[in-house]
Every structure is written in structure tokens, then in C-alpha cells.
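Sharing a structure below in C-alpha cells format, with a few things to ask.
Residue numbering begins at 1 within each chain, and the chains themselves are lettered A, B, C and D in the order written.
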Amino acid sequence: MHDALKKLSLLFERLPGIGPRQARRFVYSLVDEKPEILEEFAGAFLEMKKLARRCPECFRAFEGKEAGLPTGQAGLPTGQAGAVCVACATHADSPAILIAEKDVDLENIEKLGVYSGLFHVLGEIALPFQSETDKVRLKELHDRIKRSKTIKEVILATSATNEGDAVAAYVEKILENFTESGKIKITRLGRGLSTGSYLEFSDRSTLDNALKNRK
Amino acid sequence: MHDALKKLSLLFERLPGIGPRQARRFVYSLVDEKPEILEEFAGAFLEMKKLARRCPECFRAFEGKEAGLPTGQAGLPTGQAGAVCVACATHADSPAILIAEKDVDLENIEKLGVYSGLFHVLGEIALPFQSETDKVRLKELHDRIKRSKTIKEVILATSATNEGDAVAAYVEKILENFTESGKIKITRLGRGLSTGSYLEFSDRSTLDNALKNRK
Amino acid sequence: MHDALKKLSLLFERLPGIGPRQARRFVYSLVDEKPEILEEFAGAFLEMKKLARRCPECFRAFEGKEAGLPTGQAGLPTGQAGAVCVACATHADSPAILIAEKDVDLENIEKLGVYSGLFHVLGEIALPFQSETDKVRLKELHDRIKRSKTIKEVILATSATNEGDAVAAYVEKILENFTESGKIKITRLGRGLSTGSYLEFSDRSTLDNALKNRK
Amino acid sequence: MHDALKKLSLLFERLPGIGPRQARRFVYSLVDEKPEILEEFAGAFLEMKKLARRCPECFRAFEGKEAGLPTGQAGLPTGQAGAVCVACATHADSPAILIAEKDVDLENIEKLGVYSGLFHVLGEIALPFQSETDKVRLKELHDRIKRSKTIKEVILATSATNEGDAVAAYVEKILENFTESGKIKITRLGRGLSTGSYLEFSDRSTLDNALKNRK
């Protein structure tokens, strides 16, 4: 491969789950695209750079221009720069806030329509929260709860894995003063048999939860 | 393949999950076994024929000679022929009975040590319960509950699938008079995130259950 | 599981590719078989013990009663005990002998109808041929070639793997005196692209062979 | 997802093997990239648009600026616009030309170092060659052979599938006049066991080829 092709191939390898072989396939397929499509790609990347950012409240990925109404109640700035996402604006008075690890988790929950309320995206955090981004989002979560007059429940929707449990435990600890004071209660998603599970192949902790949570 | 080899190969194809190719591999591997091993196989099959049967109470597979003590309380015959399995004898006074679909389900639950009490094995039933075996087991379940002075809870441990739900609904209907009279309550295993689940890939009913059953 | 069930389960684990879980599934499925089927299994195992054996010429698995005609030419005994298989009897005058590693290889070749001639089954041999069985089969191969007045070609049909290549090289060495004297020539199966191969995913040795063997 | 994010997501879905879910994962991962990386992506796409093209001789993807020396022998224009790729320039006198279906096939062959000579990339053609691109490449192949004073062998390196065989047969037909006149001979890659093949699992045509091509 040559310089320009190689350069784009290496950039593609930055995308999640893409190795050298697939990156090259991408590049070769682009050689046969119409020039306009390559321009569209370039334009979309620049637009991403200009508009895409994270909501200063919930940290979800969104576009700046589509910012929600600033809400005096939440104490948010009213200018474009710090405007919040639509969900934060719409559900500003929600009694519940759901803590997700990743944008795709949040997207799946929204798509399935099983929850309506505030969100907070932690990011794909690696314990013990060494990155600055992690710290900012946790501090901001603490501030949101502190600031809010409506939030009564924090739903920890981390994955049902050791990592997810560790993250959830850490968040519980950070919000300890609010639970102790009775300002909020913290809940975790129910554990048990997920749809499609067979008893024959279930592990101990799943069966244990399924029995304890029977009803 | 020749007659004797072919005959055994066809018998192997009766085993769950075994197709012609693997059946032949079994047969070829047996050609190189010592004659004593082939005799052991033959003997083990005849012993199965003589001793293996289903417990007349819970319908689990077990061996006749290892029968549990007959319990007057449960109204069981005291002779060898109708003796119950160890679990039925040991837990005769259990307040709970867990309804499983298959022997392997029951075995997994016992192995993991998450439940201690009575069982009832329905068999791999195909709705709408056309086989005589299904009818016998359901009738016997009804009789067990009727007869029992201790059972207060029936735990429906069917798989978390449409089929498992349909079986559970059918069993609930059959035991309706006992629930209406207050003799027993019927519970189902808790639904939600099974261990190892990621929010990103969870389906609607799992997420819905996980949110409803949060705590 | 109980004694008789456990015993049969352990015997099933001797079969190729069968672990404890599947062995138990087999046993549970047999509990619900009719007694006659269990008797048929026992009978088939005893028949295997009585009749199944390996052809004294080619070592394929076959049944004694179906023995081929003894051939004076091949110097075989004429009694039932040492009679050869049908293939050895039918193709006694074949100019070619194909060396296979396993019964299932031979069966696949016969089923596909791509070869008609003598066979010799080496067994699933582990280099450096430490077992007595391996030695017997290699010695017998040497004797067959020596004895034969018709065999002109030995086709090494070992798998296209490092192990298969090592076995082939070893057999070539054992038959060295016959190739040097011009009595036989030894051939190996053609290497190249197998049906369904894509150039994009082919490895170096396959592509190298495909280019060298182009025509 | 919002407009800019959605737009890039849809563009990603144009890449081979990428569905909506993975496209979204790409976009979310880019939200957290540094702005410079997004600019690099945009720049690389524009550079692709400017420089990447297909060699007018062999149709491989390459970069214009890295064009090979124009060769009077091949009758190529000497200007930048129509300059050929390095391989076409370097191997202009090669006696062999290898016909590949895809850029990735060619790349794998080059990477493995099993062939040194001219190439010709047909593209992922769908029989019966309805697209203009297919026609251009086949016409150009015919012209290359006609024009060349050195090419003596055309190696058809299509995949070992029904589609690949059909493409190869079509190319043979197109070059018929050259083979009949004795100007060139056409060869196909050797067929047989590819590295790693087991006899037990080989299909009829592979085994048939392996036996016919034994040596």
C-alpha cells in the first residue's frame, strides 16, 4: 500500500474492533467510490469536529446545534456553548437518573423505550478511575445530585459483570452522603434469568439471583 | 460399514445431538477398545435396563436399588418397587417444590447448591402436552400438592423462553384451585440481567424486567 | 447421578469428543428409552466384541463374518480367522495402494468414489511410532509391498498438516529399498487450492504449491 | 443520534462488512477522539480523492504521485496522468501475468512473496460482466496481451469456487485467439489439498483433484 492509502488504513485501525486486514478492505473499497462520497466523508468528519461534543450535564455524545433549552432550574448556562442535550432539557424534573457506562448502552435503552428520565454516561471507565475524564464525570454526577431538587432515585445500570459491579460499588460510595441523608436511594437493575436463558446452562450467581428474586 | 458396526452406529444416532458422522467415529473408536470395555458397555446398558427408572414422586432419573426410605407421611408405598428417590425421602417435609423441565436442569441446580427442597421433573414437554407421559407427570404434580401437608410454595423454574413461559402458565392453570384456596403460592424465578450481561446487547424484555425488578 | 447411571456416563466419556455434560445427557435420554432399545444397545456391543476386528491385510475395521475370499496370490490364510476384508479380496491385483491415517479417511474416500484400489490404514499414529500397533501396521505395510507382484504405486494420503507430512516422510523412509530398487514409486496427493479457497485468505505454502502446480 | 453523527454513521455503513450497530460504535468512539484526529481523517479522505486511483495497466489501487517510470515498450503515455504503478513499470518485461479478482488477493500474493511478475486486477466482478468497469478491464487485458512482446503465460488466479471457475473460463474464452495462435499459454493454479486439510473432511472435487495431481 502507498502513503495516502496506508495513512487512511492506519486511521481506520483506531476504530473499535478494526484490525489491519479490515482497514485495508475499507481503503480498497473507497478507491472505487465516487469522488463525491470521499468528499462527503471528509465533510462529515469536519462536521463531527465542529458540532459533536458531550452534553455538559449527562456526557452523552450529541450535536451542539441541537442543544436543548437551557433550564434555569438546573442552573445551566443559557449560551450555546454550554447548552445541554434534549434529554437533559426534557427530563430536567425527572425523579430518576440512570447511570450508564457507554453511549451504546444509553442508546439501546432509549431505543427499546423501557425508561424515560435523566441519564448520566460514565464512559468506558477503567478502575481505579485514573483518567481525568472519569474524575470529571463522577464529580459532575455528584454535583448533579447535589444541585437537583427532584432526583430521588439513582439507577445503577452497569453491566452484570465483575467490572460493572465494581463500578456500581464505587458510584454508591461516592454518593454515600446523599443516601445516608435520605436525599436519594440507589437501586441496581434486577438480576436473574435473562430472556432466552436455560436452567441447564445457568451459572451459580444467575440461579442464585433468580431464586432470591423469585416472585 | 458392515452390519454389526452399522447397527451400533444407528443406535448411537438415537442419542441427543449425535449425527451419522459422529456415530461412525464412535463405532470406529470402539473397534480399537479392549474387549472388556465392550463387555462393560453391554453390562452397563443391561444394568440401566434393570435399575434405572424414574422416581414415582418427582420423576427424576435414578436407580431403584438406591431408593430412599418410604415415608408414611407422603403416603408412599413401602415396597422396593415404588420407593422414592433420596431427595424425595430427605426433603419430604420441605415447604417448597421446584418444577424443572429436564433432568439436566435439576442436576445443574443441585450441583450449584442454590436450592434445597423438593423437585418435580416435567420432562421435555411439547405443548399442548399430548403425550401420556406429560399427562401423568402433571396429574402426579397435582396429586402431590393435594396430598402434601407441608408444601406452601411451588417454584416454576422453567427456562426463560416462550416455551418455558407457556409451560409455566399451563402449570399455574392446573394448580389454580390450590392458589385460589390459599393452600399454596406459585412463584417464578426472577428475571433480569443474567451474570455476564451487557446493557448494550440486552433485549427489550430483559431490560424491562431488569428495570421493574430493580432494588 | 447414581452408580449404574454414573458408570455408563463414564463409559460414554471414552468416546471421541464426549465430555461429562454430554455423557450425562446421553444417560438421561436412555432412561426414557424402551427397555428393548437398551437391550439392543447391549446386544450390539456384544456383537461388536465378537465380530468387529481389523483386516489382517489393510487394518480397516470390518466384520469377521463378512470376510472376503482368501486369495492364494496374496499368501493369505484361507480360514475364517485370518480372512481379509472385501476390499483386499476384490482389489488384490490393484497396481496401487493408498495409505490412509484413519478409518474415517478411508470411508470418506470410498464414499466419494474417487479411488478404486487397495488401502492400508495406519491408525491415528503419534510420532515417533512408539505403540506396538503402529509398528505392526508399518511392518505389515512393508511386507505387503514385498510380497505383492502387482503393486507399483504407493499413494501417501496423509493429511496436509505438519503431522501428516511427518508420517508420510516416515513411511517413505520405511519403503526406501523398494523405491531405490525401482519396484514401486511413491506419490503424494496434490497440493494447492482446495475447493472453496479464496486467494485473499490463502497461506504461503498453499499459494506456493498452487503456483508451482499450476497447469 | 443527531444529524452529523447520523450522517457519518450512514457513510460508515458503506464500508464492506459494517452494519448500523458497528457504524454507531465508530461514531461514538470518534466523539472522544482529539479534534486533530478528526482533521487527519478528513485530510486522508481528501488525499485519497486526489491521489488514489487505479493503474491504467493493471487496475490495482495505487497513488498517482508514486507512479512508475513510463515504459516506451508497453506503449504507455509518459505524463503523470497516465503513468503506471511501480509493479507494472518494474516487471514490464515479465513473461508472466497473474490475473487476480481483488486488490486484497493481489496484496496477499505480494506479501507472501510467492510470485514476481505482472498482475491484472479484474475487480469483484459479477457474471455475466454487466458493468462497464468489468468490460473495460477485460478489454484492457486483451489489449495488454496483444501489445506485449514478452508475455508468454497468463496465470488465472481466481478463487477455487464456482464463481472463480466461471470467471476463469470467461477470461480463457476472451484470450482464445492468443492461445490458439500459440502466442500465450493459459494456466490455472494447482488444485488439491490446501495446507491444513484433513482427508476425513475433504469434499469430492478436492479429493479428486488431489488424486489426479498426485506426484
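Following the convention adopted for this analysis, a contact is a pair of C-beta atoms (placed from the backbone, for glycine too) under 8 Å apart; a residue touches a chain by one contact, two chains touch by 3 or more.
Quantities reported herein were computed from a predicted structural model and do not represent experimental measurements.
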Next item on the list: Would you mind checking which chain's C-alpha centre is most distant from the centre of chain B?
Entry: D
Margin query: Suppose you list every residue number at the chain A-chain D interface; are over half of them used by both chains (same) or under half (different)?
Written below: same
Margin query: Counting only Cα atoms for the centres, state how far chain A is from chain D in Å.
Written below: 41
Check: What is the distance in Å between the mean C-alpha positions of chain A and chain C?
Finding: 58
Notebook entry, point to check: Going by the touch rule set out above, which residues of chain C reach two or more other chains?
Noted result: 102, 104
Item checked: Interchain contacts, given as pairs of chains that touch -> A-B, A-D, B-C, C-D
Checklist line | Complex interface listing, chain B residues touching chain A | finding: 100-102, 104-105, 108-109, 112-115, 155, 157-161, 187-215
Item checked: In the complex, chain B residues that touch chain C -> 1-5, 7-8, 11, 14-17, 21-22, 24-33, 35, 37-54, 61-63, 66, 102-104, 107, 123, 133
